[in-house]
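So, here's a batch of structures to check.
In what comes next, chain A is part of two complexes: it sits with chain B in the first one and with chain C in the second one.
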Partner chain A sequence: MDFSLWIRGLTALIQPSTIGWLILSSVIGYITGALPGMGAALTISLLIPITYYLDPAVALIIMGTIFTICVYGGSLSAILLNVPGTAGSAATCMDGYMMAKNGQAKTALGISTGASFIGSIGSTILLVVGAQVLLKPMLALGSSEYFWITVLGLTIIASLSDTGMVKGFIGGCIGLLLSFVGQELVTGTYRYTFGSLYLISGLELVAIIIGFFGVSEVIGMMVGKEISISKVNKLSGSVWEGMILPFKYLGATIKSFIIGFLVGVMPGVGYSISTWLAYNEVKRTSKHPEDFGKGSVEGVIAPEVSNNSTVGGSLLPTLLLGIPGSDTAAVILAGMIAHGIMPGPQLLSQRADLVYTFFIGLLVAGFFIIIMGLAVLPFAAKVTVMPLGIVAPIVTILCFAGALSINVSVNDVVVVVLTGILGYVMKKLDYPIVTVVLGFVLGPIMEENMNRAMLAVGGSIKGLFVSPLSWIFIILVIASVGQSIYRQLKNKNKKEALV
Partner chain B sequence: MSKKSKAVSSQHELYFAAFVTILGLVALVMAFGFSPRARILPIPVTLLLTIMGLVQFWNSWKQMTFEKSNKDTGISANATVPFYRNPLLMTIICILIYPLLLKFLGFIVSSLLAMVYLMRLRGVKSWFTTSVFSIITPILVYYLFNVIGGTNFPKGPWGF
Partner chain C sequence: MKGFFKKGLLLILVGLLIFSLSGCGQNSGATNDKKEENQSSEGAVNYPTKPITIVVPYNPGGGVDTSTRTIQPFLQDALGQPVVVENRPGGGMSVGYNYVAGAKPDGYTFMAAPIPTMIFTDLTLPNLKAKFNEFKPVASWVNDDCSPLVVRADSPYKTLKDFVEAAKSKTMKLGLSGGAYSTDHMTYAMLSEVTGVKFNLVPYGSSGEALAALEGGHVDAILASLVTAITAQDAGQAKILAVSKNERLSIAPDIPTFKEQGYDVVIEFHIGLFAPPNTPDDIVKIMADKLVQAASSEEFRNRVKEVKSPAGEPMTQEEWSKYCQDEYNRWKEMVNILEKHPLG
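Presenting the complex of A and B:
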């Protein structure tokens, strides 16, 4: 391990302005994490345009910090209001809110602080080790293998979609189709531009991200019911005492950590699944499973460790392969590309200083969890009751401002509005919009590698099939689709048997 | 989900699947017009989109027929609500009009108007709260991007 990289990363981090951004993004992450309806993906997509004015390393730190702290912040409203701030805190409601009702609100918040800290620091360490170990084999991959890896990433995410493979594939294809808009780089052909000058340069990635994650969410907030809150008025118990408990229940902590990290590494799965898996596993192996749902300490530890360990896990394929492990990782990937940082093994070998600054930023963000838990908690608790009638219009204006900041073009605002409406409709009909964004992000990467692989054999499509390693990925693509079809047929047969 | 809303949802699923199929088909036909090199990826992607759209259309059709056979009518849940009170429709109209307003009124005024409308639509009753947030938010955002960030947001006839 090259320690000079750590020192360079640390030097970049200890600049006063960087520390200022770190603190600010921690507070923003904590508050937006606690605000039901916001979440990390939406917050980061709104902040990408602001990070344009900053150094790419600082932009990476801001995105990583918001991801880490936002996931933790979700537990605040889950415990105090019985409303998960983020999808990763839904399982925390089960026992966290019950603890709060039983007069142990601060203890529950302390548990979530300690558990999130362990999940965050541990997963960052594993992320660093994983990146180190996997870098060499990844560097050996050529264009054709990389083409098939991007195809594999898309098929896995589409196949693992909760709402079925067909909807996952439709989302991915729509994303790819949107990425084809504009002038094709090798031949100069105009694709789907309809004679518009604006469309020749293609659709803006940031506009797509803001549309699908921002505006679609705003429309949902505008038409959704005001969240019914069962507020815990008296904050009793001890945060400190709670923070130590994840260390006492080490078995539950370790199990949840491993589950969270491994699920995070799987493309497109994310913490909405890892938390429930960890919760169920810890409940299954607990000495007191009967306490779950009634305010069990382990019931708070499991989701809170696993959601933060998913953060590090989901960033591993994002950085190494350019294939995100979750929707928020997809937004971070888009943010990186918007800053001219192309994720992949080359990034780790050629821009290692940048990556190590990001790693250090994530580690520091882990420590900021504790600071947030102790210092900002009383104020943040008040913000969580902000009505959607105020939040939704503010987010709308931020979305429009973000779109305008790309090129100061009203056309970008139109793209944001139209993709937002499409995103809302897709979400309402249970289409996974993360596949659309991923298709849009991976489309150009896929095409670039395909062109390179073809050029290597004189422009023939055979270039994609000559390497034996490519065949391994092709088999994996077929296997992931086959497995998904098998699973759907099995579910269908089960349903028919029930009818 | 109630039977009625399930039926409405299946109907919407059917419409969206039809939209996806048509989109895929049109894009596929257009892709054949590109140069051979530029259509290598668009053709399989749009073909897959069309096929998946058809599969989804078939699934939704079957689902809808099943629900209808259970004597359930797909009446829209909001059939009795006048269009100007439909929050979904009015939100969409508001955000569609916003880019037009932006050209003529500039960022601050059009954002202020959009905020006032959206806040009232979402049920904020106090005019004081509405005014405070609708004035402060656009000005703060304008200051952040224009003054600190150096981006020139559209200005209205008033110079801001």
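Presenting the complex of A and C:
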């Protein structure tokens, strides 16, 4: 590592205008992240034309900062209102919102701040110090490996189903069914579109998430007897206290970090999956798996560390190969090319000054997470003790406006309302609705990769088994299913013994 | 129960508010002052007198969106009126297509659309509000784009001929950057038609994913977007064996075409403006002239060189209209080869 490059990068950064842009893009990223519907990809692509008039280094800093802070901002609405701002915060709802319900909103927000900080700073450092060695092995993963990884993801359903595995599977199947809507990639067949042009491109992930998490919660607020989100109607804990917790649960933090980073490097999958994989792994190895879903500290740490480390991971193939690791990375790639910055292995040697300014910008953005957190969160947490008569309409506005911001289409609002009602009914009947979302996220990736693996060998099921690497994941799937069955049997025996 | 009604009433009010707001948003592209309509009836047209909306039928950040936002400031200068880019994605490009088909034909709403994708949309989708021929082609500003056949830099195949000959004796895996009825599907179908070679096709969701599969050794060659391919070639990771243009590209003149290597595979991508059906011809003419003026300006030429956009020379209204008609006639005959060469 060349220190003169760091110093040059730092001097490029310490210009009043650059710092100004850094602050501005942090604020923009935080707001658009917290608002459901507006993701980092949309925000950055709308800002790219403005960056034409700026120095390429500044443009890179703006894009990197928004990417980092947006993902963090998404957790604010996830924890306080059960409406994930981005797909990367959906898993945070599980325990973050439960903590808010228990009156620990400040602590939960603090955990998310500390965890996002670690995820973002850690992944940036890993980017700099030779994560390049990861590139080749990650590219060796092909369609059949992706297929088995998503199957492994689906086995999480078992561990998310506290109210019984059958109900969890039914939820997962509903999610898979919803994911089938639209034009199929290989044959071009229209599935469940009923002649509607809107349904050709399928249902929007953001709309599904807003509906199942946000709207179903609003209905619950209207019907229920609670007077505020916090059941105890007061706030305990503090942001600062929460920020330290990820350091206390270091095992959970490190595991989530590694999973998030590795999934980020893989093209085509992003934080909508890594957060769940991390959540599952931390729960599986936790000393208190029974607390998960009821407001577990580790349950907030896992998705919050992994979503930010996925951000860093997805930049690796983007910068060094020109292969975007996620949809937002794809937009950043377009922005880089628009500034004449050509990604590739030569980037580090030829445009080292730019790359190091970018890295330093990402590090500074990591510290902005803390600043934004301390400035905003203590006030934001008060939402959870406000009367529901005020909060419920605000959440409704957020949900509907979020749905509209996807495509400016009223159809998305209809989807949000319908899935919200379905989600509420399922919750009342004790179905874990999170399995629906998981099935919806994993369905298309699983199906497309199954098709690819089979087509590559001329349309035979053998394609799923020929690669030796895929057997690693097949064994992991078997082990995961086996463990769940074993646990269920053990629990059953325990209950019977108690009777 | 009283609390429920109180909260419920608030919710309904808010819901109504949002629906009415969104209703305004939906119509804003089509609303128009009555006064200005009358002005065009006699003598010289007074156009444009207010901001113009260009509908992009795709998400922000994609190729058509980026190209439209690149020309936008220059077009704005030429017209002397603000130009607003509005994304209306969904259903391939059919949501934006239908929106513009139903927009008021007053010269204040246009669509930025790619050819031949817009023609494929017309030929393969039901329920469209207008036929392709009913739209009025204005002019085009991206004319140097096409489909490249890409292999790894260390691939044993140095020329297209090597590749095709090798594919005759062993089944090759060809990665596509899109699914059924995409332009990549068409390029493959044409290649398969002229060479008689069958490939094992592996469709990916985007050029980035296809490139990753190529680099990882999961496919032997890919069809990708031109910018992705040229970037990868410049970085020393990939080699472009052929491009599907009629003549060589002006941004990369050293890359041979399929045609000059003896394989008649020609599929070019253009991006141009289309006016809603029944837009007055004099208004379309003014817009076309201003677009060509903007796309010919020195500043725009420099800009596209910087961002490596495959813009090329603009097409005038006459050229663009004729090109669109010729392409429509060609693809109407050709589209059935897609059925002959399905992906799976």
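What we mean here is this: the second predicted complex is superposed on the first by the 269 of 499 C-alpha atoms of A that agree within 3 Å, B and C clash if a C-alpha of one lies under 4 Å from a C-alpha of the other, contacts with A are read in each partner's own complex, and residues count from 1 in each chain.
To be clear about the criterion, a contact is a pair of C-beta atoms (placed from the backbone, for glycine too) under 8 Å apart; a residue touches a chain by one contact, two chains touch by 3 or more.
Source: prediction; values computed, not measured.
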Contacts of A:Thr187 with chain B and chain C, given as first, second, both or neither: both
Touching partner for A:Val166 - first (chain B), second (chain C), both, neither: first
Touching partner for A:Ile397 - first (chain B), second (chain C), both, neither: both
Touching partner for A:Gly340 - first (chain B), second (chain C), both, neither: second
Contacts of A:Ser405 with chain B and chain C, given as first, second, both or neither: first
First (chain B), second (chain C), both or neither touched by A:Met222: both
Contacts of A:Gly195 with chain B and chain C, given as first, second, both or neither: second
Partner chain(s) touched by A:Ser143 [first = chain B, second = chain C, both, neither]: second
Contacts of A:Gly389 with chain B and chain C, given as first, second, both or neither: both
Those residues of chain A which chain B touches in one complex and chain C touches in the other: 49, 52, 184, 186-187, 218, 221-223, 388-389, 392-393, 396-397, 400-401, 404, 408, 410, 413, 459
Complex contact set, residues of chain B against chain A: 9, 12-13, 16, 20, 23-24, 27, 30-31, 34-35, 37-38, 40-42, 45-46, 48-49, 52-53, 55-56, 59, 87-88, 91-92, 95-96, 98-99, 102-103, 107, 111, 114-115, 118-119, 121-124, 129, 133-134, 137-138, 141-142, 144-145, 148-154
Chain C partner contacts - residues on chain A that touch it in the complex: 41-42, 44-46, 48-49, 52, 139-143, 183-188, 195, 197-201, 218, 221-223, 267-268, 317, 321-324, 330-331, 333-334, 337-340, 342-346, 388-389, 392-393, 396-397, 400-401, 404, 407-410, 413, 448, 451-452, 455-459
Complex contact set, residues of chain A against chain B: 49-50, 52-53, 166-167, 169-170, 173-174, 176-177, 180, 184, 186-187, 189, 191-192, 215, 218-219, 221-223, 226, 387-390, 392-394, 396-398, 400-401, 404-405, 408, 410, 413-414, 417, 420-421, 425-426, 428-429, 443, 446-447, 450, 459, 461
For the chain C and chain A complex, residues of the former touching the latter: 3-4, 6-8, 10-11, 13-15, 18-19, 22-23, 25-26, 59-61, 65-66, 69-70, 72-73, 86-92, 94-95, 98, 124-127, 171, 173, 179-181, 200-206, 208-209, 211-213, 215-219, 227-228, 231-232, 234-237, 303, 306-308, 342-344
